[in-house]
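The two complexes that follow have subunit A in common; it is paired with subunit B in the first and with subunit C in the second.
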Partner chain A sequence: MRNPWGWIALTGFSLLFFAFIYAPLLVIIGYSFNANPVNMMIWEGFTLDWYAGLFGLSDRATGVGNRAAYIESTDQMLAALRTSLTVAVFTTTISTVIGTATAIALARYRFRGRGFYNGFLMLPMMMPDIVLGIGLLIFFVTLGMQLSLVTIIIGHCTFLTSYVFIIVQARIAGLDPALEEASADLGASEWTTLRKVLLPQLAPGIMGGALLAFVISMDDLVITYFISGVGDTTLPVFIFGMIRRGVKPEINAIATLIILASVIIAALGLWLRSRKTD
Partner chain B sequence: MALRRQSVILGALLAPVTLFLGVFFVLPLLIIAVFSFLTPGLYGGVEWAFYHWNYGRIFGWADGIIELYEPIYLRILLRSLTFAALTVIVTLILCYPVAFWVSRLPDRWRLAFLFLITLPFFSSLIVRLYAWLLILKPTGLFNSVLLKLGLIGQPLEILYTPTAVVLGMVYVMIPFMFLPLYASVDNLDRAQVEASLDLGANRVQTFVKVVVPQTLPGILGGAVIVFIPSVGNFIVPDVLGGAKGLMVGNLVEQQFLSSRNWPFGSALSMIIMAVVLTVLLIAVARARKGSGNA
Partner chain C sequence: MAPLLEIRAARRDFATPEGGKICALDGVDLDVDANEFVTLLGPSGCGKTTLLRAISGFEMLDSGTIRLGGTDLTGLPPFRRPVNTVFQSYALFGHMTVARNVGYALEVAGVAKAQREAEVAETLEKVGLGGMGARKPGQLSGGQRQRVALARAIIAKPRLLLLDEPLSALDRNLRQQMQIELKSLQHRLGIAFIFVTHDQEEALTMSDRIVVMRAGGIQQIGTPRDIYRHPRNRFVAEFIGETNLFSVTVDRVEGGTALTRTAEGVQVLLPADGRKTGERLTAILRPADFTIAAQGILGTVARAVYLGPDLHLSVTPDCGGPDISVIVRDGLGVGEGTRLHLAHDPARVHVLEGG
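After this line comes the complex of A and B, so read on.
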């Protein structure tokens, strides 16, 4: 940069930009420890009550002071977390298998319709959530399928398969096909080459795709909102419902835990990506 | 022999995605199209009879009564397009300088800041919106600070306004604008910039004639992937928007979960889909043309 003042101004702007991104998250974390139950924006001292309350360990209640309501919502929250984890595990497994198979097919075979598949697989990612959500809702209801965990898992797989596909495809593009050619020349069957030569090299990409699928599945709100049954609320849908009913300090505590979990997962993802595997 | 084996394995690799997306992606979208032409039933059901006034209603003629022109839905649709466009413009203005800054940092810092940009992508959308709800409330942090500083006499009403909706969408869309933009900016040929400045072009000329054209793919890419989820967004206006910030996504949600007019909701979704496909086709056509010229 020829002009030092220009660089200083740019640096200032950029740091403000990062402050803008992170300040809201820090606000939630800070206020999750605020003892003031009525106006949570006015600081009234440090407390862990809201965290204790989340796990049914605190007598302190917000507003009306109804302990029974708390424990009920604690159970509901933990049930929602369980639902989210169950959905995410199944979704990740299914979409990773399908997405990886698709990526291998498109990268290693020449066939008619290859270009079509490449374009078509972008659509589930680009389709607005709400359109896919109501499409699946009408579809399941018209077929007479009960909305349940299964419908949520199906819904998540429709778009997460594409995400896994993209990540794995990027990994394949960076591979040296000579290894597979060598394997074939040395007499290994196509299936053996695929399993013993290609798949191990793809492992980091597959892990990355799976991680991304897991994170997005855990966070999906819109599609789940439309196709979850009455008893199968996921964590984001549960929090959305809580926010709609009114703001309570416990939400700050859940939110802080979620932020913490996502930082850990993101760090794990970064570590996976930076690890030298080949 | 080898060819046949190849086709068996290829079939096995492609069958799952073809079946799965065929049944659970293509069919649901086709069903929306069918439902958008069905007659809404009296008590929330549908009658399997052709009816085109679902679309008529969107454009202002409810249920075939031509005299009663009231384009309330059209207005909400235009508002959604405007909000999405504003989101694109604001994220672009915010991210462009920062992408430059990050691309010129020493390696270690650059990776650290890129990580910081992607981190919110991993954290919950609803949690991030909730943070803004806390900040923008009349008794929230923003107003408290301004009141304390004596800059305002009474709390500003930001929550439940269009400003809050656009702010919320900008906030959640920043990583989607930043990453394609950064990829473009990072590839910028600095020698050309230097040459332009050495040959006497001023900074503005250099920016307009050299920098912008070279980073155009990133700008357009970012614009498309920010615009598309913004148009149909209903979570942001639901949490931060109130009645004045209502978008077409909220309308669709209402038709399905409270008004129970599924055909009308389907017609609205078809419009969202049409907007998205139009934007995508334009983007693809431009990208093709761009690579053809290069």
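After this line comes the complex of A and C, so read on.
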């Protein structure tokens, strides 16, 4: 406490910094409780209708008394959310398995082209989304594939595998190779060693990678925009399309729920990472 | 009776990044008997760890054979070899309890849970960790982890236990205590230990036999006393304990004694043993072989270090040549700058042929 002004300035700066990051989120949370169905900038009183509408408990948004006319129905929005979740679950599973297997292979085995693989796995992360999106679109069209849920999942896996790979690789680099040797020395085959020693030791990294993949997949707009079929709209694409005409108030409710889920997932991730394994 | 472990002409080369080759094992032959405590001793890079890893199966030999109890192990992967290892880093599984770590070999072998638990408890008892089974390795001290690693390696009752510098991470007191415990554990278990270390004191304390290695080859195999008193060459003499080496020429032979001199004129007495005048030899004397006497090598104390019961002196001979290292008891009144004569018993001198 030598200089109280320094301390005050630092605190003020920190508060401003957090306000800058979190204010937009707080605004959305606030709007999600605003009863005004047309202009969310004008406060018309507190309501839980938009949340109730999401779960089919209130029809105010589509009811007779609704002053606003939205083309999109709540059902369509929920369908988009379901599509997003489906894509995220499949993408996370596939990219976690491939990313983890690749990280183990590159860290533990010597083979031709090892350095090449290492470098090229980073590339999809560095590439601008728009380039990747166009590339995937041309690729799918050239192969004659119908744009669908499958193309979205394949597209997401191409870059999310890299994210999982990098996180698991960091974990495996810090692992004592003698652990696997000890397991083999005590009579365990490679498969048993993988199951009983290597995977449990890598678990925090694998979980962290999977959570990250899930969040990025849920969130992706640019790439998905290029490769999603007509009937398979993800939530980000759906919201983006809505912006031009006006945002349904239910969007704020759904955004608030997603923020809540993200906070829970992030907390889970931090907890997993801090858990001691040695 | 055939030895437990027979290693014949073991050879292993490593490629260097520059494209050259390093010979880690240069045609090594070694026999280890059942129930024997053998130490592989040498400076880093001498091949001792490679030899140990060749026995456990983590290094494959380029040529040569390794047989255990008559069975050829040479091509077998580590998990098919009936030997177990205590690793330098202990390599305990952090996500498992101490009990599960110790019982791992039995778990993998498919031993029933009840029997496994009984054997784990018994083995933990053996290494002095009774009741610690429920803890995680992260909650143990360094010495306790060491014991868990030991328990884990002996639970499957291997005929041969390999130990890769297992005590190097412990502090001095704990290390000395563990040396004694390891030795007594080996006696009680009745299995052979091969112990790798670069600490010659550790090797002398624990071993039935010591294998001194250098640059991929074995320099000498013998009991600690043999290695210390009768080193086969300069390298062994200098690596094991403190040594005074004198390159001498025989002056003359009188009765049972040969009088020899170094180039500088330091006089060393040897047993005659049919030596001839003009013969060139290397005389080896340990620091404790010298006594302060009324006559002998005249010199000045350059450095005196007090070691409790002993006094460790560095004496510069008047006639020149390297300082002589001496350990005396009751060095009362001796300090830096003291002038004294050093005498020795000719029978204590170990002689290597050639200067």
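By definition in this document, the second predicted complex is superposed on the first by the 239 of 278 C-alpha atoms of A that agree within 3 Å, B and C clash if a C-alpha of one lies under 4 Å from a C-alpha of the other, contacts with A are read in each partner's own complex, and residues count from 1 in each chain.
The rule we apply is simple: a residue touches a chain if its C-beta (ideal position, glycine included) is under 8 Å from a C-beta of that chain, and two chains touch if they have at least 3 such contacts.
What you are looking at is a predicted structure, and each value in this text was computed from that prediction instead of being measured.
> With the two structures laid over each other on chain A, which partner does A:27 touch: subunit B (first), subunit C (second), both, or neither?
first
> Touch check for A:172: first (subunit B), second (subunit C), both, or neither?
A:172 sits against neither subunit B nor subunit C.
> Identify the partner contact of A:130: answer first if only subunit B is touched, second if only subunit C is, both if each is, neither if none is.
Touch status of A:130: first partner only.
> After the superposition on A, what does A:104 contact: first (subunit B), second (subunit C), both or neither?
In the superposition, A:104 touches subunit B alone.
> Look at the residues of subunit A and decide whether subunit B or subunit C touches more of them.
So, of the two partners, B touches more residues of subunit A.
> With the two complexes superposed on chain A, say which partner A:88 touches: subunit B (first), subunit C (second), both, or neither.
neither
> By the touch definition at the top of the document, which applies to A:206: first (subunit B), second (subunit C), both, or neither?
neither
> Which of the two partners, first being subunit B and second being subunit C, lies in contact with A:77: first, second, both, or neither?
In the superposed model, A:77 contacts neither subunit B nor subunit C.
> Could you look at A:192 and tell me whether it touches subunit B, subunit C, both or neither (first, second, both, neither)?
Touch status of A:192: second partner only.
> Touching subunit B in one complex and subunit C in the other: list those residues of subunit A.
189
> Would you tell me which residues of subunit C are touching subunit A in their complex?
Per the touch definition, subunit C meets subunit A at residues 56-58, 77-79, 83-85, 87-89, 91-95, 104-105, 107-109, 137-138, 152-153, 156.
> Within the complex, which stretch of subunit A touches subunit C?
176, 178-179, 181-189, 192, 196-197, 200-201, 203, 276-278
> So in the complex, the part of subunit B that touches subunit A is made up of which residues?
Residues in contact with subunit A: 2, 5-6, 9-10, 12-14, 16-17, 20-21, 24-25, 27-29, 31-32, 35, 94-95, 97-98, 100-102, 104, 113, 115-120, 122-128, 130-135, 137, 139-141, 144, 171, 174, 197, 225, 228-229, 231-235, 238-239, 249, 252-253, 256-257, 262, 265-266, 269, 272-273, 276, 280.
> Which stretch or stretches of subunit A touch subunit B in the complex?
1-2, 10-11, 13-14, 17-18, 20-22, 24-25, 27-28, 31, 39-42, 97-99, 101-102, 104-105, 109, 111, 117, 120-121, 123-124, 126-132, 134-139, 142, 154-155, 157-158, 161, 165, 189-191, 194, 215, 219, 221-222, 226, 236, 239-240, 243-244, 247, 251-252, 255, 258-259, 262-263, 265-266, 269-270
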